[in-house]
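Multiple structures are listed underneath, in structure tokens.
Two complexes are shown next, each including chain A; its partner changes from chain B in the first to chain C in the second.
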Partner chain A sequence: MSTGVVSHHISKQFDDELERIRTTVFAMGGLVEQQLNNALKSLIDGDIDLGNTVIETEVQVNSYDVSIDQECIRILARRQPAAGDLRLVMAITKTITDLERVGDEAEKIAMMGIGLTDKHGLKSYHVGINAMGNLVSQLLHGALDAFARMDSKKAVEVAGKEAESDDQYGAILRQLITYMMEDPRNISGALDAVWVARALERIGDHSRNICENIIYLVEGEDVRHSSIKHMEQIVAD
Partner chain B sequence: MAAEKIEKYAEDIAVTESSTATRTHAIDMNNIVDTAVDMKLANEKTCIAVSNFSLFYSGKQALKNISLTIPEKRATAFIGPSGCGKSTLLRCFNRMNDLIEGVTTAGNIKLEGNDIFDKSINVADLRRRVGMVFQKPNPFPKSIYENVAYGLRIQGIKDRRTIDTVVEKSLRGAALWDEVKDRLEDLAMGLSGGQQQRLVIARAIAIEPEVILLDEPASALDPVSTLKIEELIYGLKDKYTIVIVTHNMQQAARVSDYTTYMYMGEMIEFNDTSTLFTNPHKKMTEDYITGRYG
Partner chain C sequence: MSTGVVSHHISKQFDDELERIRTTVFAMGGLVEQQLNNALKSLIDGDIDLGNTVIETEVQVNSYDVSIDQECIRILARRQPAAGDLRLVMAITKTITDLERVGDEAEKIAMMGIGLTDKHGLKSYHVGINAMGNLVSQLLHGALDAFARMDSKKAVEVAGKEAESDDQYGAILRQLITYMMEDPRNISGALDAVWVARALERIGDHSRNICENIIYLVEGEDVRHSSIKHMEQIVAD
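On to the complex of A and B.
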């Protein structure tokens, strides 16, 4: 059963409440996306000021998380939503948890960026991280886009790409290990870079989780811990 | 030679027939496993089977070709807007609609495999097997004790000790014993609405029915009494098949195992309650339970 956010409730007030909460989630998503992109830029460009901005802005992400969660609890208590409405509220509570964690990872990247720039200047191994960062940023953007459009097919497509970020993570690790073996003086910087790659890999996972939430919301099937193939079948039916 | 040929021919036909039968069977199985609820129902024992059932009030069709299976020792809820036919269908199960003039029916309803509209069915006996509780508690203007004992007395049971035992057991079964055990001789009308409703349920279970029909049993009660009735329904499921009509969707979601959504005399969706309230398969059901109906 596809979700019925399209048609209206008898209670217009309930429509307004759900619409408001959705809009707030999009605002939070936009902010988190911006945080990730700024964190990556600060790392690659060695822009310490931008890195600090990311760290300062992180509190806004947290406050979105708390306020949207409260609004969801309020709707559950007062409206006892069912079917598509219930799935929407549940998908939102899960999605904002993922978004909040993406915000945390972005903050970590910004902090590592500041550390790396301070200590070591710009390093050539940023190339791999930059590529992975772009991919992960696309994953997050795709997931948020699919959420806004309630597009489960797009969600499966985005979830399917997440494996690429895992491959890139593996490649970056191998590259960094090589650097460390070449010259022990690289170890400290390379370890920081490992943490950045790890943060990006986690953001890929969170993006996939968001996609799974969208599939649950639209199709009513819980596809967590299942294969992309299974997701494709669910969406095709 | 000719005889052999004929035999061979007969064999061929038999083979063809059996393979057709297998194929038909396979198609049937596909239909059966079409939805999860059918798979779940396949593991349940059928109590009431309604097939292609229609009902007319003086020619006006109130139920349209309804087919559904009510599983034994489970709670099945009927939900739907006013006038959708859910109470009408419920009342068919113990032929309460016989009392209304101009009612005609088509199709059949089977209780434990026997057509309840069959001439051989004794209606009084059917109503003993299928008890009913209404929206407004309707205790008799008698004592609490006599209300519960009534069904036994009309069955001709006179032994005081037997009746005492059944009255206590039924009142306990209806979660009312502790509240009334010291005043069994008081008039039932003196009880609160919630207590009266539980008394009526005790009266219904005293004669050990197989099915208990509940028509909006809690809609005239306060939230605490409502919860007590719901708790009671939960406990009664072990022994009886429960069919409940309710306007309160949360109540259907809380107490039932299966839910049927009806609209304008048609059965729109019959599903496992958890599925129906989280992921209904029909748009109409979704619209109704999310408050988009109308």
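On to the complex of A and C.
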């Protein structure tokens, strides 16, 4: 009986540890999401103070990255989790790497906003960049939401939408090349917009990676190199 | 006595498993290195067949990525490794993610070589791209070498050299912008060269990440957000 209680207690403590680490991942995710939204806002509004806030937040994001990773390794060493618990820990270590890199890209966007060579040049592209920024921000939000609810169907849906951001990226790029060709004085400004679009495209990629981690976690299958169609089949079964 | 033998046997089997997984990581690393070198060669020589080989190799790299990850998770679940063995497994899961992304970037370089909008435009930049390609290829080779020898000092040395590739990237970019401004007809060709330089810069980043994994593995300290100076202190102690 006493063994039962102890074992229950240990298991409860383990549950608490896993829950605590999940909560920390959500906190990190929320911070990174805020970083992205502030980076976009600072770029569009030309708000240098807000841009600097994004850059300063990077230290916090990195500190989450290191501490969550340490906690995962501590759990692996002390709890020796199996099956779903093990997959959760592994999915978390991969997810925080992606989140940290989203933070890096948000930082690049903020720095671009601060150091814009040609604010007017970027202004002409507000519409395209803004639309792509909104989409990518939704992708990240959707991925984090799917992670919080351990919802693999939602994860497939978000991963599927990532192709739209690639299309938008291609369209922005073509538009920018035309703009550069029209007048070489546009080149520096247009290249700034290219880097922003590129950073957004990578954030889309990382959001998709996070979705793939969720599908692995929930369904137990590694879908990192699979088509969306294959993912849909897995979650439908 | 019999228990001793069994335990020795189990440990020997575990050693073999870890050794086998390390060997597989080297094989994956060798393949990715070859991919990068072939991608650069195909781009410079305009060798479309070689470029296609690089793209086809991607399937093999992805398959290594998935199978090594599965093996790591199997080891975590069945062997419940501690201390150095656990760090080895975690460093491997992170390293193969970086290797897989180096493969992705090599594929992009190969595709760029195949679809060049303006072969002549890129030709003007052979010197810069070639020099950066050689440096980045050395960084990757050095990182893999440090991994094979579990040499954290070498890892710090390679990580330190990565800043050179950032400098080269900046120089190439400035040169390309000038070239675009001189004549708008150069824009498409020069942008191709920009993407190649960007892909090389990211391969440099991934090589540095691999070095950071080695330092963590050997020294037990997470240096992912540390300065080179701090890394040097850690390996000197």
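What we mean here is this: the second predicted complex is superposed on the first by the 221 of 237 C-alpha atoms of A that agree within 3 Å, B and C clash if a C-alpha of one lies under 4 Å from a C-alpha of the other, contacts with A are read in each partner's own complex, and residues count from 1 in each chain.
As a working rule, contacts are C-beta pairs under 8 Å (C-beta built on N, C-alpha and C of every residue); 3 or more make two chains touch, one makes a residue touch a chain.
Since we're looking at a predicted model, the values are computed, not measured.
Visitor: Please indicate which partner A:Ala77 is in contact with in the superposed arrangement: first for chain B, second for chain C, both, or neither.
Guide: In the superposition, A:Ala77 touches chain C alone.
Visitor: For A:Gly220, decide between first (touching chain B), second (touching chain C), both and neither.
Guide: So A:Gly220 only meets chain B here.
Visitor: Please name the chain, chain B or chain C, that touches the greater number of residues in chain A.
Guide: The partner with more contacted residues on chain A is C.
Visitor: With the two structures laid over each other on chain A, which partner does A:Leu86 touch: chain B (first), chain C (second), both, or neither?
Guide: After superposition on chain A, A:Leu86 lies in contact with both partners, chain B and chain C.
Visitor: So, A:Ser11: does it touch chain B (first), chain C (second), both, or neither?
Guide: First partner only, chain B.
Visitor: Starting from the residues of chain A touching chain B, keep only those that also touch chain C in the other complex, and list them.
Guide: Shared contact residues on chain A (touching chain B in one complex, chain C in the other): 80, 82-83, 86-87.
Visitor: In the complex formed with chain A, which residues of chain C make contact?
Guide: 62, 65-66, 69-70, 73, 76-77, 80, 82-83, 86-87, 90, 93-94, 97, 177, 180-182, 184, 187-188, 191, 198, 222, 224-225
Visitor: With touch defined as at the start, can you tell me which chain A residues reach chain B in the complex?
Guide: 1, 4, 7-11, 14, 80-87, 220-221
Visitor: Where on chain B is chain A touching in the complex?
Guide: Result: residues 249-250, 253, 277-283, 285-287, 289-294 of chain B touch chain A.
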